[in-house]
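So, here's a batch of structures to check.
Each of the two complexes below includes chain A, the first together with chain B, the second together with chain C.
What follows is the complex of A and B.
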């Protein structure tokens, strides 16, 4: 009954989809965390109006479905003259989405840094940049690192809906293959395993990075 | 025993009557003339070919065509609303004289009934903005075309289009349609009814038919072996084509002219 060899002619389609999902994930994880870090800093240390602006952005994104955000960017923006390719729309949608969620996660880490730590750094003669990187961000990120890892993986998994706007990602590959050979079970099993592999790979890589960045913990 | 005998007699009588009725309609055309009435089956559930209008009367391409034929024959018209499942049985049981019900031609149907020449376009094709030049498949090289994944037009494109075509596949007809309406794609492969839908929603972006991928026009169906009726109907269709009536009907309901070379 099951016949996985029917998938073999579509190896290239699957690999192409995997590559697209991987590229999108890599790019938007980096961009999203940058956006999150900036917004969290504003939320924590900025003036009132900028804090409110960030809060509005975070609430707007966290309280609307991702697919609606995606459709808005892809199908909605052209009516005000902004025509984006599926790829551009995807990068923007994923970045905005991860940015909002990671803002809240990173802010939790930042609010965990007691004021005394700033003051201690000042007393030790560290400049602002040094203080920010070494005394504030590093311990803050260390605290929220597992949560941030999970959020990045969730965004990677959520990228499956990009196939709706014809991005040729892994889910698109599965949909295409099963519309051609009607091997739905086989296509989706293979795709699910690929996502599982990707998620585990991400967790592993995040772990490696964490070990390096937060090496001071082990030393102490 | 008596009851059975009575039943048998009745059945025999009924059979005799039916046979008599069937032999009486040897020539449907002369029947229509002598009855001064033509009965035509039209769809009731398939706009824009046939549906029920706001005034509860049937309307659509097939209804207009039925009216035109009755007019040309100079007889009264009786509209018989049918569904796509029972339109051929209606014809076979002589409940109607003609079926004008977006009927496509295929070998199975040709065994059961006869067909006229085509009267309305029904096709899969590539449609797009007027400014885009795409007269044939080869011209799609390097161009982006939106299509609904897994549809017949998707498979046709994949099989026949140049390899450097960029096919953007969407989940359903509605999304494909939205992609065209919003300008995300300037060419789409779809059916002419979907193209009509776009023209209705946004006349400014009404897509132009570039070329056909698969042509399956609509024919008028009639009982087998009615040569006189077939000749008459074909003559009426030829006249309608020549005097632009078919094109008018197409413009009215499909918001597009007949495809080039229609009926040729």
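What follows is the complex of A and C.
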């Protein structure tokens, strides 16, 4: 028999896990998109060596499993003297991962900006950085915003494996609860629903931000 | 005194010889129309004048300063040379007012209030005083092009380069843009325009430069040149466009 009320005593465990997942997601989404924006700009406009370095980073991350990246950072780096807490390792791993995927997405947006926009800015006397920040970024992000939103959500969902290095996130909470009360079915249903809710919440928040930033499309 | 001076300018795209020794002398206040077949090098010529394209031989100077395509130099040049493009190139995410204010604030370091005053004055000048808060995509092509003119004027240029700025417009919108140019010409602005508007070139322009195969094939007083062309090529060209 299913019995969801057996989960009630563990409400705090679930909420704690949820809070951890939320915090990690918020922090690494911001950091990851910043890394992606910088790397995409280098990939698109930088000199050859720096373009190649970014390309190598992107390919490395996109062609290896996230859990291996995470284990390398948490278990591997200490052997060269870099000792990290589970939380630190998680932030780094998630940021690097989202950074790589968003680099490719954001670069697609940058390459979509017509040459005429650059020329118009140039003949008005604007320099490269001014043009990138004031003229290019907003329309570039507009084009790829849905893809970027999805990628951020994918990384949030992927954060479930952080429980493997004993970060006490939502999945860690689910594992813990079902090992205590043997209500695996109920625990994972509730956890899945929480992830679903988180994903929907992220989509909603990204939507709100997008509506503001890209208001020029609908506004009068 | 000449404001824009080209001396034996040669320009290549790879092996392709686009401009073959252009000499041109444009005085302050002059309105010069550049005409010629597609591919004759008109756009390239304009783009060399403001450093958007580099040239390989000869010399170009604007306001007695030499033009090179070095980035720094292009930006310095931008202070005296304005340019309007065929497809407007307004910044879509900025309102009309913000489009005009952007360069005066971040390039000329004017205060926001000052830039706003300038922007409003320039919009009035092009007949769009009520569009300050609108986004470009809500405007007609003709209105967008007039905003582009206002944006260039806000930098207080000494010469305005216009590359077929009415070619992308519906015929009924061309007149509004030409009227603005005519007004500018009257106020003494130096204009260099690549155009297919022969009536405008004749009636408003001082001088016509006919380009053919990368050379200045024929040039002179606009009324005289258009009514009494000397070369066979110009005769043919005029016959084809009229």
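Basically, the second predicted complex is superposed on the first by the 211 of 220 C-alpha atoms of A that agree within 3 Å, B and C clash if a C-alpha of one lies under 4 Å from a C-alpha of the other, contacts with A are read in each partner's own complex, and residues count from 1 in each chain.
Convention: a residue touches a chain if its C-beta (ideal position, glycine included) is under 8 Å from a C-beta of that chain, and two chains touch if they have at least 3 such contacts.
From a predicted model like this one, the values you see are computed outputs, not experimental measurements.
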For A:63, is the partner it touches chain B (first), chain C (second), both, or none of the two (neither)? neither
Of chain C and chain B, partner touching more chain A residues: C
Touching A:138, do we find chain B (first), chain C (second), both, or neither? second
Now for A:176: first (chain B), second (chain C), both, or neither, which partner does it touch? first
Which partner chains sit in contact with A:127 here, chain B, chain C, both or neither? Use first/second/both/neither. second
Touch test for A:5: chain B only (first), chain C only (second), both, or neither? neither
First (chain B), second (chain C), both or neither touched by A:117: second
Who does A:166 touch here: chain B (first), chain C (second), both, or neither? first
Contact-wise, after the overlay, does A:47 reach chain B, chain C, both or neither (first, second, both, neither)? neither
Touching both chain B and chain C, residues of chain A: none
Complex interface listing, chain B residues touching chain A: 146, 149-150, 154, 168-171, 175, 178-179, 182-184
Touching chain A in the complex: which residues of chain C? 50, 52, 71, 74-76, 78-79, 81-83, 85, 87, 89-95, 102-103, 106-108, 133-135, 137-138, 148, 151-152, 155
Okay, in this complex, where on chain A does chain B touch? 74-76, 78-79, 83, 86, 163-166, 172, 175-176, 179-180
Mind pulling up the chain A residues that touch chain C in the complex? 114, 116-117, 119-128, 130, 134-135, 138-139, 142, 214, 216-217, 219-220
